[in-house]
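Consider the two complexes below, in which chain A is the common component and chain B and chain C are the respective partners.
Right, the complex of A and B next:
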């Protein structure tokens, strides 16, 4: 077990190192820089800015400096948002994305799994058809369409919920629904197809033959097995949703991390690009590890080893 | 059948909205202060909710480079002069001033004004602020706006010392300013964000963190920061220490920090937002203008196509002229952009002051471009250049930055050149910073660009085309032109200055290294409840004298 953890940790560090290297050189390879502004600047001013942020040094030296900072868990100052440290940006805005994300993941699970089970049990009946039509719409309609439509009808027309902002629970409802639309539908389809498969397995027949009630068979025996792929998906989903969605955060004016990520790239804010990428990658690696541990807890056949 | 379903849906929506209207009592966003019984005059108090763009990159007057950031700064700070209700330059922190006969020396006499923490505003605050913005270590993006000061550029490029810069606080109430060249619009520059005073003690203590919190973001303007929720909203409240506070009616301004235009429109339609500047969905604009919800304001800005004059076939002036003459500018303004833009007839836009008060430069000078295409002349020029009916003309590319409004314009031009000249161009789009990078390397044939004036004078549109200007990306160089700009900058004789500017524009339009398409306008969504906001020619918004009905 200890050996496994050490190995896993070493691989994670290596992965992060590769990600840092690629991110650094790619972000510096895109044309333009912090100093390309709306109005072209005189050379003297461009020189001042380069000197201030150390962009006048050779690229490889800049790389080593940044690597050294990251080892000390300091991502440096944002080059665009004057006076803000990248660490603070992550610390202040990640919780907001995470709060909204948790809420929408909760929605996905509470609605997605039962919808999938229902379809599997009522296979090819109208309940199945209706829930799979809903699921297909959910998978195909992009979240920004859901966001804009619900914002227009529910907030502008009906005035039931506020249009934008992030100050109360009411503000969270529409963005959470928009965010959860796709994963909810995806989970429902995932659960359904696995459930259908599992329900035809021999051990389910045995359980039924032993005279167990349908409820016990479905929820105790079948569900446990058909939920495994959902857990795999959930690891990735949590990492994606909790770190924030650019589109949804922009439409509802939510001060989340997702907006910073995309904007840092178009602003060529090198330190912020790096900080958020590393944070996101580390989070994803962590979630994958959690998923592996959860596997072991649910399925005794799986052991933690390479 | 379909009709019936639609009718049913409509009825359902209407019913729902009626129900929603009934239950709306507790839903309204809280308006702080409106319940207070202390309002003295009619219309006093009130909160405006407004949208002008994303999170500003900075609120530091020296560091700011954006119009939205500048607008926030102009609410929190006041310069030596300010803008009055009619958009005119009037005394601000300076009560009066003397100008030397040669136009090089300004002596400002400051009034008794206070910072938001109660300390007096001194001439030293201005001296410190300007020298700080010019300090190469500050690395201000807009330092060039202070190059008018004597040795300003030299100090910013590390070629002179801070002491050499032409600004000096003689005593607490007197500021002496020496300029590099006579600058007729210098008093207008005094209310530009980069010229705002800042506090030395605060900045030395809090360094680059001073703009982050209300306690340390000390200003001397009509408003002060109440709260800054990053990426969410910037809340400004009336500054009770402002010297002219009796003229300020609003209690608070909530700037929502977003640039999503459809969300902004939704928030405006629902009543959550009273004012939106610029971020309005393009497709909705003709209707919004018709309904009176959207208002159009003139702006001093020109939309261009840059020609790379070092590349074939654009190195031939006849080709450049033919391309410029074959564009239907009126069609682009009336049918494509549809926001009330004016077709460009020269480099300098309308509403830029001319030699006499009340007259604008445009009306005093020539009309260089037709608003509808002059196909005959264009064809003749193209044939003279060796491409009769466009035969043998290479396929060129127009670069532009990805945005649907630019796309529509580029496609219109593509079509007009095809029909009028028989030539084919391709408009590939790219990300904004990539386009700028291409221009910096002069790696383009034709590219779209825009220029909004930094001050309201023809010079801001003309001095960027000299051979040495970093902003001239076209490889175009003309000695006479350079000479005329030099004359206009150095002379203290207004007549000679206007003549030089007029002649310079003539040369430019004769050689068309860049082809003006239209003059920009500014757009606002304005609630009828909001009155008295100012949208100036440079794009800044002033809520100072605004009132809002409750």
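Right, the complex of A and C next:
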């Protein structure tokens, strides 16, 4: 086990290193720079900015400096947000995205899984058809459409919920719904197709032949066997959804991390790009690890390897 | 011996793309307390469907269209799924063909055994656990305590089938239905499992319905034999009667197709032809197309089941027309 963890950790560090390298050179390969504004700045000012952030040094040297910073878990100063450290930006805005994301994921699970089970149990009957129509709409309609439509009808017209901002639970409802639309539908379909398959397995017949009730057969014997793909998907989903969505945060004016990420790219804010990318990647790697562990806990046939 | 299970004119149909297809078409037989009955017949003859109808465990597209099922004095027709839950596992245990897939891979063997015991007995968990351990010992699983905490994939096929048997017997059912319990196992293990079932049958006086392709297994353990073909019973009788005085040409063919060392016959004769197409069910006897002694009438009408001697009968025009001849 210890050996497994060490190996796994080493692989993760290697992965991160590759991601850092690629991110660094790619972001610097985008034409323009922090100093690019609509009205061209005088050359002397550009030079000053370059000097301030060390952008006048050779690229490879910049790379080494940034690498050194990251090793010390310091992503440096943001080049665009005056006087703010990238670490602080993440610390301040990530929790907002994470809160909203967690709420959406909760929504996905408590609605998506039962919807999938219902469909599987009532296969080809109206309950199944209705849920699968909902699910198909869910995976095809983009989140910004859901967001703007609900914002218009529920907030602007009906005035049931606030239009934008992020100061109370009420503010979270619409963005969370918009965020969870696709994954909810996806999970429902995933659960349905797996459940349908599992319900035809021999061990389900054995369980029923023992006299177990429908509930025990479905929720104990079938569910645990059909939930694996959902766990895989969930690992990915948690990493993407918790780190924030640019579009939704923009529409509802939520001060989350997603917006900073996209804006940092269009502003060539190299340190912020790197900081959020590394943070995101590390999060994803951690989630993958969690998924693998959960796998082993659920299915005894699977062993931790590599 | 009183009657434990009585099936009268059972018909079971499945919805398919070609409409409703009758897989079991008017079957009647009885099983007495403590009796071992073998059901033989080739693949697709309706053996499993018959027993799944009794358990009410048919696939979603199947239903019992006609007939009565009486078990231990009660009419199971009237039982809904909830009522059947108290019969399944408690009064009737069932084990299946493939032990590799019949246990849930994500729960320990102990967990799966205990849940069956707790479902039917009001006893503390600890006691149920002990009962499960005792059952595993009874079916000859070494280190039963330790094995309880293991998962199915840590067991061999033979051991898993022993677990299945232990599980099916844990609530002391009056009837054990074994649907090809040894087909998926290799020959030596097969013999062990059959030996085990024989031993347990004597120990706890339960009736067994053994579904199998293997007449050798039937000869080993059963007192009575039911021969099925194309969804009907073509012949039934005591073991000796079936083996030495078969009435139906299909039974004769079946006997000729198995190796029997003691009869000095060294050529096996397979039954020529294909089993009947159930979607376009034949109007007459289902065996007519392959029967070496088919007559005109066989093609036109179904023969009634008749018993020339008490408890031994067949559904064949040869019996009905009075010329039995040597077969």
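Going forward, the second predicted complex is superposed on the first by the 306 of 306 C-alpha atoms of A that agree within 3 Å, B and C clash if a C-alpha of one lies under 4 Å from a C-alpha of the other, contacts with A are read in each partner's own complex, and residues count from 1 in each chain.
We take it that a residue touches a chain if its C-beta (ideal position, glycine included) is under 8 Å from a C-beta of that chain, and two chains touch if they have at least 3 such contacts.
These figures come from a predicted structure and were not determined experimentally.
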Fit or clash - chain C, chain B, common chain A: fit
Partner chain(s) touched by A:301 [first = chain B, second = chain C, both, neither]: second
Partner chain in contact with A:216 - chain B first, chain C second, else both or neither: second
First (chain B), second (chain C), both or neither touched by A:44: first
Touched partner set for A:80, first chain B, second chain C, both or neither: first
Touching partner for A:279 - first (chain B), second (chain C), both, neither: neither
First, second, both or neither for A:206, with chain B first and chain C second: second
Broader residue contact with chain A after superposition on the shared chain, chain B or chain C: B
Touching partner for A:182 - first (chain B), second (chain C), both, neither: neither
Minimal inter-chain CA distance - chain C and chain B, angstrom: 37
Common interface positions of chain A, toward chain B and toward chain C: none
Complex contacts: residues of chain C adjacent to chain A: 55, 57, 60, 81-82, 84-90, 93-94, 96, 98, 101-108, 115-116, 119-120, 151, 153, 164, 167-168
Partner chain A, residues of chain B touching it in the complex: 13, 16-17, 20-21, 24, 27, 29, 54-55, 57-60, 63, 65-66, 136-141, 143-144, 153, 156-158, 207-212, 229-233, 256-260, 262-263, 266-267, 269-270, 272-273, 431-434, 436-440, 451, 454, 470-471, 473
Chain A to chain B touching residues, read off their complex: 30-33, 35-45, 47-49, 51-53, 77, 80-84, 92-93, 148, 151-153, 155-160, 162-166, 250-256, 259-260, 263, 266-268
For the chain A and chain C complex, residues of the former touching the latter: 123, 201-203, 205-214, 216, 220-221, 224-225, 298-301
